[in-house]
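Naming follows writing order (A, B, C and D), and every chain is counted from residue 1.
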């Protein structure tokens, strides 16, 4: 079970490239590669994920009996590997699929990681997991949601997060429930950025709705990171939809809310599909004028003595802000991977893969609101789940479904006062 | 009603483009240097505004001039340390050196300020006016008015003052200018300084209604290049008009054709205009 | 007998041919393959951008066409991606014939901006073209079905293929440089009006240059798609693709035979190393280091690195004489 | 007739830079075009070279209409030119500059190099053949332009102020060069400011003023013409000499 062979790696054929090291390896270390968007458009999200993952590693490597039911929290390190500690090696995908593939190769062949996590943008996850597949290294995607990631027939790819169709179902269930209270929800507008994330989630939304006999009234695609969104807002204002669903990155989410404010338009129900709406910067910059905005999240801090609450507190101590959904989903992915390595009792990729296939975690052992973790043949977690949260004051609170809600759903969208 | 609102939004947006491009016109048009780091200059000015507000609790009346002064100094330094040396080389040397500068600035900002988006409170300037059903944002109005004032000021400087004619003389022909006793280096340093100062004003004002992040410049940069080119290099009023046209065109095409295709119209129009007038609207042939 | 002035380039080619085989490290081998790939597209750009002096910012359009041709043929008809290369080259000819004549009327920065705008249009069209995968892009084969899929775990086969293409391109460029066309292109780059007055059919020669340049850029795009197995509008048609070609060529030295290769040998490992060493910190230090280095090179050697290497430079001059 | 230009008009908007200019050139002539700055002689010259298309009028060269042909077609037909401000091909040597011209008739590099060498010798640049062209000063560059133009083997050569900005000894050498070119059997049209040069070189002169040809004849005739003196020479002599 030799874990690090970094010492023998120094084959200085191209002396320009010294060996790369983020951590000095201890005797017993399990090396996991983590590819994230640390710079570029999604840099803020990637940085947050990095902070979250480092917290997760701390929880795994040091005893946290207070978080007891959570996988691997109680003891120091991975018990089945004699208390071996987990070490992460980070790589920046720079938002480029080609760079992500290079990263994966480097992590596998230089850093000899035994498994990988990543890689935020679905395009980057796609190319980096293809490299992992060729090398036979398990890959757990904790946050990428494009539908085409699963279904490639890969053996080594697993996704813990819910994806497009799950979200679409969530929104439609939620809206159907809201409709029971007499509020109109039939006219739905979907506004999405037009790269892979926005397009694939919007496609899922349209097809899932169609399957239920609901027609999406308005679908507006726009270029991400634009300079102005007034025309889109005017289109909405003209059409007067009952519900507006935004599938947007941070910068555009901020602009939409600012433009609502400028143009004095308040759609009755505003739903943000995570991502931009979940970025801590979103609340900081436009929170006061986005009151009542709905969002999906699989993570809610909950009551003060819950695991989630404590994890959130730990995160807040490190970073000064609340744990957001994307970061939490990514952390959960890492926990699932480490749990599998522990159950495998080995760092052999094949053993880890087999353990991942057999994964069956109950909700109690998770740090996130999934109904469990269990992979289907494509490697998709079939128990992934989210709930609806709403921006009330300075933070999001769970409002639906009722059994998990900690605050009352407030409609219509208030925006600003 | 919608029509008027679209025009008004388009003009406000166009004024922002013109504002954003004003410094670029000066530097690009007068010195024939394609400054790829222009967007990063604006980003720096936006951070100046943000930090002035959060740390010193001062408003735009203070931070806009400060950003202009700061950027002026920065522009001069960049000229002296970098641009002066690459200007004499081929056009490509300017391109790659300012491209390198852009990377350094953007990612130094990332390191210093983190990737998080920040913004000034929406209440800082005025709020929103409702004029006969047309919604106007005070911050954008100020930005628009300043863009026009800045354009007029620069135009007057270049065409009506001795300093301006010296700067133009250097831009036309360094050697000839030197022969008649104008020292080219201080003039060009000054042009860079002024270009950067205009950028500083722009950044300070745009920060009033736009988020601030290390890569915020990139959203505007490509359009700024198109704006300057469409107006004709070196034509300050040309850039203003081009900015307004692009703003209105974007606004209308985004509304009628959909936001994802608005750039098709803008770039298509640009290509078509170059086809008809290969030197831009106001460019010297 | 090999004259001394030929020794340099020959040595470069010999070193290139064997370099990656000296290391068993897959990551270094991959970098070597990426170096050659970047050298192909930068050298292709060099034909129109360097020799003919037409600074195109629209070459991503060719790169994207090549990459999409490969993966479309795979995605729609199940052909091996490399089969798309000839299709990409044919499409590049069509594009050159369409965009060449109108843009060639533009001079200097206007040409650069015009080509940039056309490439930006192409990217938007691809984003909205469902058949070509739209915003989501196209995937290559997940697993190799046969050798023809050219899907290897190891980068050495890619390296060998890329090197063969590069050698072909450089040989063609070398021939061109010695011929009337080479003289005419350099004359066009240095002074279009004067070239015209000497009987150079300027527009026609620019078009020839664009046809060659575009075809090899498209080929580079196809090879990229074969190796990476994925392309989306951004990684195929994005403005950065063009900028990278320009920066690599300019850094090595435009209008010289080996300049773009030198640029790629320096820049690609630099990008990869800075990202490997500093990227994980997530502070953007990788870009700062990268930006500083290219800034310094431009500052102290504005004509590109080739001008620091008299052997290559003199070689280029004498050759042409 | 080698060249016939009839009723040439070039208008920019309502401004007529050239207004109804006519010119007939026979084989082996050496003709001067003079006139104050902005008189239209350069525009007329550019019309002849194909750089500018006249608004109306026709130009025939060796019996063929060339009014709307591109500059490179002009060169191929045997009509070459130089520029007022020399445009040399930076990045090339002196010889390579001349080779660009020679390649028009001799597509093979070696042949073109031989031709270039002959012309470098003829123009007195032989010793500087290997130098980068940018190392040359203005007089040298003007010679490179002449050598380059001659390399296209023209029947008619248009020289645009080939002597402007030269010192008096350089002018002397340049006049001698022009005479030798003429002796090779090349017909020449020269635009010139310096009357002395016109007097020494040319047999026939056209005087431009405000876009029109106001006088035509031998140098002695036109300098005696009162309209010419009024329009141009009086003013110019007073200032420039």
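Just so we're on the same page, contacts are C-beta pairs under 8 Å (C-beta built on N, C-alpha and C of every residue); 3 or more make two chains touch, one makes a residue touch a chain.
In this text the structure is predicted, and so the values were computed from the model without any measurement.
With centres computed as the average of Cα coordinates, no chain lies farther from subunit D than A. Chain geometry summary: the mean Cα position of subunit B and that of subunit C are 31 Å apart.
In whole angstrom, the spacing between the mean C-alpha positions of subunit A and subunit C is 36.
A separation of 42 Å divides the Cα centre of subunit C from that of subunit D.
Residue positions 107, 110, 214, 260, 263 of subunit B are each in touch with at least two other chains.
Across the assembly, subunit A contributes 39, 43, 46-47, 194, 223 as residues in contact with two or more other chains. Counting partner chains per residue, subunit D has no residue touching two or more of them.
Chains touching one another, given as pairs, are A-B, A-C, B-C, C-D. Every residue of subunit B that touches subunit A in the complex is listed here, in rising order: 2, 5-6, 9, 13, 16-17, 107, 110, 114-119, 121-122, 128, 130, 135, 137, 140, 209-211, 213-216, 218-220, 223, 247, 250-252, 254-255, 258-260, 262-263.
The part of subunit D that touches subunit C in the complex is made up of residues 49, 51, 70-72, 74-76, 80-81, 83, 87-93, 95-96, 99-101, 103-104, 107, 109, 112-113, 130, 145, 148-149, 151-152. By the touch criterion given at the top, residues 11, 13-14, 16-18, 20, 22, 36, 38-39, 43, 46-47, 50, 89-92, 94, 96-99, 101-103, 105-106, 109-110, 122-123, 126-127, 130, 133-135, 146, 148, 152-154, 194-196, 198-200, 223 of subunit A touch subunit C in their complex. Here subunit C touches subunit A in the complex through residues 19, 22-28, 30-32, 34, 124, 127-128, 134-137, 139, 142-143, 151, 153, 224, 228-235, 269, 272-273, 275-277, 279-282, 284, 286-287, going by the rule given at the top.
Within the complex, the subunit C residues that touch subunit B are 55, 102, 105-110, 112-114, 116-118, 120-121, 124-125, 127-128, 239, 243, 246-247, 249-251, 254, 283-288, 290-300, 302-304.
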